[in-house]
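Following this message is one structure expressed as structure tokens.
So that you can tell them apart, the chains are marked A, B, C and D in the order they are listed, and the count of residues begins at 1 in each.
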Amino acid sequence: MTANRTEEIDLRSDNGAPVAPEIMAAIERANHGSAASYGDDAISGRLTAAFRELFETDLIVLPVISGTAANALAISQITPTYGAVFCHEHAHMNTDECGAPEFFSGGAKLVPVPGEHAKLDPDALTERIQMNAEVGVHQSESASLSVSQSTEFGSVYLPDELRRISGIAKDSSLRMHMDGARLGNAIDRLRCTPAETTWRAGVDVLSFGATKNGALAAEAIIVFDRELAEGLERRRKRAGHLISKMRFVSAQLEAYIADGLWLELAGRANRSADALAVGLQKVPGVTLAHPAEANEIFLSMSNQLAEGLEKSGIRFFPWPGERDVYRFVTSYCTSSEEIERVLECAERIGREAH
Amino acid sequence: MTANRTEEIDLRSDNGAPVAPEIMAAIERANHGSAASYGDDAISGRLTAAFRELFETDLIVLPVISGTAANALAISQITPTYGAVFCHEHAHMNTDECGAPEFFSGGAKLVPVPGEHAKLDPDALTERIQMNAEVGVHQSESASLSVSQSTEFGSVYLPDELRRISGIAKDSSLRMHMDGARLGNAIDRLRCTPAETTWRAGVDVLSFGATKNGALAAEAIIVFDRELAEGLERRRKRAGHLISKMRFVSAQLEAYIADGLWLELAGRANRSADALAVGLQKVPGVTLAHPAEANEIFLSMSNQLAEGLEKSGIRFFPWPGERDVYRFVTSYCTSSEEIERVLECAERIGREAH
Amino acid sequence: MTANRTEEIDLRSDNGAPVAPEIMAAIERANHGSAASYGDDAISGRLTAAFRELFETDLIVLPVISGTAANALAISQITPTYGAVFCHEHAHMNTDECGAPEFFSGGAKLVPVPGEHAKLDPDALTERIQMNAEVGVHQSESASLSVSQSTEFGSVYLPDELRRISGIAKDSSLRMHMDGARLGNAIDRLRCTPAETTWRAGVDVLSFGATKNGALAAEAIIVFDRELAEGLERRRKRAGHLISKMRFVSAQLEAYIADGLWLELAGRANRSADALAVGLQKVPGVTLAHPAEANEIFLSMSNQLAEGLEKSGIRFFPWPGERDVYRFVTSYCTSSEEIERVLECAERIGREAH
Amino acid sequence: MTANRTEEIDLRSDNGAPVAPEIMAAIERANHGSAASYGDDAISGRLTAAFRELFETDLIVLPVISGTAANALAISQITPTYGAVFCHEHAHMNTDECGAPEFFSGGAKLVPVPGEHAKLDPDALTERIQMNAEVGVHQSESASLSVSQSTEFGSVYLPDELRRISGIAKDSSLRMHMDGARLGNAIDRLRCTPAETTWRAGVDVLSFGATKNGALAAEAIIVFDRELAEGLERRRKRAGHLISKMRFVSAQLEAYIADGLWLELAGRANRSADALAVGLQKVPGVTLAHPAEANEIFLSMSNQLAEGLEKSGIRFFPWPGERDVYRFVTSYCTSSEEIERVLECAERIGREAH
């Protein structure tokens, strides 16, 4: 192995990765001649059929360029301005989107629900929904629910877990949204079809992420119930998310789902995460803060070890609000050499500390 | 005592009480001849001076007709659309205003903070503010803080407690709002001046409540820092809260603070609450869920006792989300006969149960 | 006649008038004993039946305390955030509500339409609707239409005129709102039933005004199609317009429509306006800027005459944006002595000028 | 000339053009290795200095991916929710952004102002500002003004014209925004510096467009007054416009302004437009509806000619709301062969018609 030891290894986020070659090639292919703007081009025209095939059902697909836009637009479709959205207290939309769901919905209320490893606890969820109902007109109307698959803490809902959540949602007539910014990683882990962990599990609207998994800037809002898509195109337009040269966003999504590329990329990230999680847990004092089921690993470790890794050029993310917890994220292009080097460093620092 | 035993006793809310005679008389006095509309009348013109005298400082006062309007308008003045408001998780604005602060602010984020008896816990508050800061642009900007005096659970912040909270606010450049829907009850308890528990304790904007304490429909937004009032008049107008015949709202407020009427009324409610709290705690199995420091009493009691009281025509409020906890609220016109009858009933049912 | 010549005569607005005795009496009657809050009281409970009888149809009624609130809440019910509202360029909601419809709807677009005397011109309306349709997703969706009856300039839509407008609305699937802040004045003039000029003429949601015609602060949102009322109660709550002591608002409305009081009051205002309009037109140089069909009179007159009237203690309103046009508004309590005095003054000043 | 006569010529919009080779190359160069996300990368870090050099002044620059986002974010920075924005009635933000300014600002009011050729008429503007002032708190506060350079109808403000507008703005304390979606085309025409027609002419916030002139999806919000940028980053984030892989947007902008590329591209488009405008006006019955000063040409022509051109494979855009007016837009890659072919077609059809 001749990896350059002085180069940084960036495990802060999968957002830091470059565009996958297949997707960049698609952008370049799209760049010939003139095309109708605002989504009336040929590539955009092919997207619906491609996503229908992927999800094995009728659906509406609208490309946007960020996960926050996808989430917030989706939530605003299924939550009136006077509505409440139940979501995990650590859901990305509650902690990292600067109030985007509140903004897009015109002031709907996110009701944070607890649960281990960023998965909604069904009992806590039921309790919050019941409490909301008791308050009547004095509190926002229970309207929708959002789950993340995989979750903000790198865990993955099992089919039974998801069905239990969606059962609660349906019992209270809540529409269900899934934040699938890292859906590919979850599906790779579950070895299920995209349908199984989305609409067949009760999801009405999906934020289908590609950017964290190799795209340049491309996400898709996927609406499984046509009636829920009414007005969505205008919402996207007035939020500034109807890209004029849409062909370049659509081209990314088309390449992303063609021939299983997205699952191939997600699988690579997951394999790297697995190797990293297994290896790091062997270092004394290092434990998983959450199950490492996708491409995010949350580790409890000593300040000493964290500093040592940083000094060795390994970049990762101290988790806000939790002392001694650090997040490592692998991407489709994290190499086995990089993983090896991280493990070597950690082992060395661990040895020196004892 | 010859009280009519078949009449209901209504302790569900101080909102159920009629208008105090002094205030109704003021409305009637205002109803002669024509007057300029939208607050350009003589009574409205006298309000500022009257409130300045009451609070011993320069201020801006804007009458509105509901506490929700006062709170939401106040919050929208000190919280940008991309801002965060720290408030108690059981604050009225978080649990009972149907998302009004979110609506008026254009989607600001209420960050719920825990604390015993609906008082903000200073450590928990500090922690939440710090965590918010760490997330940077990905989370709403820490902008403001709201306390309720008295609180949603009938407790009252002591001067030191309030100073500690406002110290934290100032350290983080948060503007401070006080929900004073029941401010009179707190001041009666504290035996302090209105200034001491408001602007001298760090409050920038106050919702000064009168409706729960004898008015027909009158609250005042009081801004202690003139710069913070910029645009507030237009916010009120566009929310439909600039009443055309404003003289009738102003007349209520003028009478309410004249000659200490408001504290007289609040004192009566507090005395009734005291008698009720002392008496009910003597009934076996009845305990206070929260300190009874204003005119709201939260009691843990058996279902059997609760049902017995209900059957005896005593009306009170089962608290949402808390099993076996009931709220009793006294008002300025709760009579000692009513209190006696409640206590007799409770003792009787208590005896029968044992 | 011994009227005190030194007293002011206030014709600036019908908002300046005091509360009608019958309505004040109803408020006083409501002020006995405790009552359930937030509209669960007995008086509020009777409102629906009373309004159904008045309008001869099923409907939903929600009391609020300002016309701006009624209009903005109504518009937000029938216009999505991405929708367009067609209204007259001089409609109160476009010129005098400080963006309330935009605020309540979350940013819907008011599309101003021209037309003589503040009545929508059908051809101009059709043209604007067609143009909006051509732009597709790049412009707000044509969603609703608002007419004022009587209009901002004191004119009244005839039945045929209203039907033509509502026909255009229905052809384009627009929901129709009527701003009835001065509906009584229009109905008095038209000698029609309330049904005829509202739902039978195509109106879906009505702002039914009482404040300008003798109430203290009371307006009703009337929804003729139950499905259009979904969520309206929560919208009212979160806007701070669910008054806790609702009985006092409901009592005003109940008295207002009982025994035809509202039409009696409106008739008085209209008679005064008629006398004023007829008399003032006899003064050389004075002409009607708009047909005087309700209780508002818009006059073109010389600056000299306007100043003379002002000096004589007669108060009226120079219309913004139109040179030499002045608005005079009569109310239910404008007296014949007041009208006589205005006419005498005007004639005198007119004589002196020539 | 051997141009393929069967190919379509697309003059519907400059949005239809592909990405300029220099800009695509920059995207590809940015695609190596990992980079910090959300704008913390090296390329984004260089943007500010590059734009400061271009505009010869201190400024803040925030990249976004659509002109609608740039405009609406800019307007929301300088217009409170209760504010009014004066803009031309045919401004893009008023006619083609589906209410985005209203949405982003939380319901501010766009006040349409007339003026020939989509340029604000100074007298009409003054009048509207004065009228707004008279209404006081009953109308949205005059807060900002927006001009487009070049305008929606392809005209260009001369320096004196712009100074007159900005003088009016400053006199009324209005902040001034410029929609520069086609700023390059205007500057090429004016032969001025970027500073001269922006901040030196009174512009506070600029939407600096690149997408219509060769970028893939890249616009920059440029704030010339640092104080006006407060909170802008969070507004961008919560609107879903903080792109995670920002380096790819920044790379476009960097290449766009490097070595005058943007003016080179704009110049090409303008030259094509000039040739087209001169040539088409020679066809009998064809007249310019507006001065052709940038890269948009608005022509009045017969239906017969329009249909003939369409049949010949020439694509252009019938202007909504104006009979017999058609828009032709050239881009940086419109070829002289294409222009020639259009002119030949038009001349032939013109001859045949006579």
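Note that in this section contacts are C-beta pairs under 8 Å (C-beta built on N, C-alpha and C of every residue); 3 or more make two chains touch, one makes a residue touch a chain.
These figures come from a predicted structure and were not determined experimentally.
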Can you name the chain that lies farthest from chain B, using the mean of each chain's Cα atoms as its centre? D
Pick the pair with more C-beta contacts: A-C or C-D? C-D
How many angstrom lie between the centres of chain C and chain D, each centre taken as the mean Cα position? 42
Starting from the mean Cα coordinates of chain A and chain D, work out the distance between those two points in Å. 34
Averaging only over C-alpha atoms, locate the centres of chain A and chain C and give their separation in whole Å. 51
Shared interface positions of chain C, touching two or more other chains: 38, 81-82, 97-99, 103, 106-107, 137-138, 140, 234, 237-238, 242
Please name which positions on chain B make contact with chain D in the complex. 38, 80-82, 106-107, 137-138, 140-141, 231, 233-235, 237-238, 242
Please output the residues of chain D touching chain A within their complex, sorted ascending. 8, 10, 12-13, 15-19, 24, 27-28, 31-38, 64-70, 72-73, 97-100, 103, 211-212, 216-217, 234, 237-245, 248-249
Contacts from chain D onto chain C in the complex sit at residues 81-82, 84, 95-99, 102-110, 112, 127, 131, 134-135, 137-140, 320-321
